[in-house]
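Pasting a structure here, questions to come.
Chain nomenclature is as follows: A, B and C, assigned in order of appearance, with residue numbering initiated at 1 for each chain independently.
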C-alpha cells in the first residue's frame, strides 16, 4: 500500500515551504521516523521525518516551493504500480481558514443612486448647513443656497430654514432692453435659432457650477514633448482635455449621464463633444468613445472634426449623441467662464487660458502655468459631491497626465 | 431629607452588602485600621474584622487576581486600588483574566468582582496620582465601567455593581467625596446602564461624568442668565452606555457638549460623540463640542494644573459655541 | 471517619492506571501534532510530551472539589483530571462540543465540574486567581485546595512573586506546582533565573516550604503531591513543589528547537517517563501493544468525534461576553 508524502504544516501560519533536498533517493528504503527531506520555512531549515516505512517509490517534487499539504512523494513496497502522484486536496478545512463572512454593510444608509436620486439640497457647490438644517430644508423644499446662514462661519442653521419664506418662484427673465433705432437687423440663421431654443431650455435646468484650477506644468511639458516627437500630429491642450475627461468619465460613471423624467440614462462610453466656432455659429461635433483613443488618435479625430466644422461640412452623425462637452475659450485669453449646459447632457466643462500665475507651494509663492476650468452640472442628474469628485479627478489628471494616458 | 456625602454613600453600600452577605469581603491597601487612604472604609474593620476587611501588601496584581479567584468561587469580593493610576499595575489581571474568563470558558465561569478606585486632579497630586483612566477600560469587552457623580448614585450603583455577575470597575473621585446630596436613608439600588438627566433644558445637552457633572451644572446656571437653557445628562455607567437617553436628549435640544476631566483626546467623550453623530446626525444643528483636560500629564504647580484641567468656564464656552450666532 | 494513613508506595494496580493515563496523554499529544501538521487545527498548540508523569501524578493526587489553573501547555492536566478526550479534541477543532464550546481553544481549556478553572496563555497569569480561590476555601473553611500549575519561566513574573507572597502571608489553601523543565520557550534556565539550579529558593524567599520532586517518576510525584495537598488542605499554609521534568519536544508544535543542542534533546528523550514506568512495572511487549492499541483507539475516536462536531455560528461570537 502506498502512502503519500505531503509537505506538513510545521508551524502556525505556515502556508508553503521550499523543499531544499531529499535525504533519500528514489528506490531507497526508508523507515518511519527517519529524516526524509529538508524544508526551508521562514524560520529555519528543518528535517522532516518519514511518516511511514517502505521504499521511496517516487519523488514528485525534488526542490522548490510547494504549498502545505501538497503531495511531494510516494512511499510503498517495491513493485507497486505508481500512478503519477496526484496532487492531494489542500489541507483540511479547519485550519483557521474559515473565511469570516465580511462584516455587515457599512454603518449608515447607503446613498440612493440614480432614478430620481436625492432632492436638491443646495446649488452652487458646497453649502455650509447643519445636518438639522439640511433635513428641514429637504422636508420643506427650501433651497439652502438661497439662505443666508447666521450660524458660526456663516453656517445655515435650523432657525434660518424655519425663517425662510416658501420657495420663491424662478426669477422672471429680465425685460428686454429697448431697441435703439439705428441697430442693424441680422436675421436669425437656423443654427442660431436652434442654439437659442436649446440653450433657453438649458437655462431652466437647475444647475450648479464648480471651478478648479490646475497646475499645468507637467501637461505643458507633455504636450511640448509630444509635438517634438511627432510634429505631424499637433496635440493641443484640447486633446489632452478630451483624454482626461474621457478617463475621468469612465471613473465617475455617475457624471456620464442624462436626466429624463422616467430615469437617469448612464452611458458606458465617453462621447465627448467639442464646442467649435463654425461660420454659422456654435457647433458641437462629437468624438466618439474617446476613452479608447490614444492622445495622438484624439488629436487626429479632433483635427478632422474641427476642419469639417470650419468648412461647414459636418454630417448629422458628427453632431449626434455626445454625453459630455468641452468648451475651450482659452485661446481667446479668457481666464475663466461658465458654460451653459448642452442639453440633454448633464455636464459641460468650460476651459480658460493657461497663464503664468503666482501660486503657493510649500509655503512659498512660485509661478506656475495655471488653467481654470469650470464644470456646469445638471443638478437633477448629478449631485454636488459626485461632480466635485469628477472635477477633482480631472484636475489631478491635468496635473499628472501620466495617470490619464 | 437627610444629607448624604459621597464618601458615606460608598461606605453605606459596602456595609449593607457585607451585613447581608458573608460572601462579600474587602481587600486593599490600608483599608483596615486606617480606614482607607480616602477614609471610605472607616469603621468596617471594627465591625467585620480582619478576615473580611483585609489589608494587603502593595501587590496590585495579586489583589485583583485574588479577587478574581475568590469571585470565581462564588464570593463577591470588593477590592480597592488606592489610586486609579495604579490600575496600570493590575492591567494584566483586569484585561486578560477578569474580562475574559467567562468568554474563554464558553460561559462556564463568571467573575463577580468589583474593583473600586479613585483619582482626580485639583489638589496638586502630581502626574502619577491624578489621572483619569476610565477610557482604558470602556473598550474592553467583558468589563463594566461605572463612574457616579452624586452620592445617591454612588450608593445605589455600588450596590448594583457588587451584585452584578461581571467584573465592574467602579470609579470614585477624590473631589467628590465631600459632596452632599439630599437622599433617603435607605439604600435605593440604581441599575447599571442607566443615565440620569440631572438638569432639564431645551437648547443644548451637556453629557458629563464625575466632577464635570457638577462643573457643568455651574456652567448651566451661568448660561441661564444669557437665556440659554442647558440640559445636563450624567451617563453614570460608561459601559454599558445608555445610548437611548443621550440620543433622546440631543434630539430634543439639537446641540451637544461632552465633558469629562480626563484628557480630551481618545477620551470616553470621543465615543459619545461618535455615537451621537451616528444616531442623531439629522438632529444636530451644530458640531458636538468636547471638553476635557488638555493634552499633557498633570502638572504639579497649581496655576499649571488649573490650566490643564477643564473648569466650569470651559464648559460654558463650549455651550456658547454651540448656540453662537452671527448678527 | 477513618484516619488517613500515610501509605508507602502506590499499588501496582494504581500505577498501571497511571501508565494508561500517561500513555493516553502521549498518544493524544502525538495525534494533535499529526493533525496540526495536516492543517486540521487552527491556531497554535503546545504539547506536554515528556511531562506526563508530573501531570498525571499531580492530577491523580487531587481530590474532587479541588480546583486548578493550568498553563498554555494544558492538554495533559485537562485529560488527567478527567475531561473526556472527545471534548478536548473537539475544543482543539473549535467545535461547540468542545470543553470551552469553541470559545477558548488549546490555551483556554476549562472544565469547571472537574475543577479546571482555565488554562492561561499569559505566563503566570493564572497564579493570582489560585491564591484567591485558596483564600475563598480558607474563609469558608472548606477542605479544598487550589493548585497553580506553572513552569520555571513563570517564576520570573511579577504575578508569581506577588502570588507567593500573598498566599504565604494569608496562608491560603494554594499549592504551587512548578513543572520545571528548565526551558522558558527558547531560553534555558541559566539564562532566565539566577536560582535556576534550585528553584525551591524562590519559595524559601517567602518563607514557604518547598519540596523537590523527580517529575519523571509518577509514583514520587503522586506521593509528594498528596502529602503537600494534605498539608495545604489542613490550613497549614501553601507549599511549593519544584518538580523536575523534561520537555521532549519544542515549545510549540513546529518549533524546530534550533536553540537546543542535540545532546540536550537526547537527554530529555532518555528521561521518557513512559519508558521508566513501563520498565518499572515490567510490562510485556504484548501487554504494551494491547494497551497502546486501546489508547490509540480512544484518540482516533476523539478525532472522529471532533471532526463530526458542530461549528459555532458566526454570531455566537457575541454571546458569553457578559453574564
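Some observations on this one:
Simple rule for what comes next: a residue touches a chain if its C-beta (ideal position, glycine included) is under 8 Å from a C-beta of that chain, and two chains touch if they have at least 3 such contacts.
Given the structure is predicted, the values throughout are model-derived calculations rather than measurements.
Chain-level centrality, scored on Cα centres against the all-protein Cα centre, points to B.
Counting C-beta pairs in contact across A-B and across B-C shows that the higher total falls to B-C.
Centre to centre, using the average C-alpha position, chain A and chain C are separated by 60 Å.
The distance from the centre of chain A to the centre of chain B, each centre being the mean of the chain's C-alpha atoms, comes to 50 Å.
In this assembly, the C-alpha centroid of chain B lies 41 Å from the C-alpha centroid of chain C. If you check the complex, the residues on chain A that touch chain B are 107-108, 130-135, 149-152, 154-155, 157-158.
The residues of chain B lying in touch with chain A in their complex are 254, 278, 281-286, 321, 324-327.
Only residues 6, 8-12, 14, 43-44, 46, 68-69, 90-92, 94-98, 100-101 of chain A touch chain C when the two sit together in their complex. Chain C meets chain B in the complex at residues 67, 98-104, 108, 110-112, 117-118, 120-122, 125-137, 139, 146, 158-159, 162-163, 165-166, 169-170, 172, 319-323.
Residues 25, 51-52, 54, 56-57, 59, 61-62, 64-75, 77, 92-93, 96-97, 101-110, 112, 141-142, 144, 165-166 of chain B are the ones that touch chain C when the two sit in their complex.
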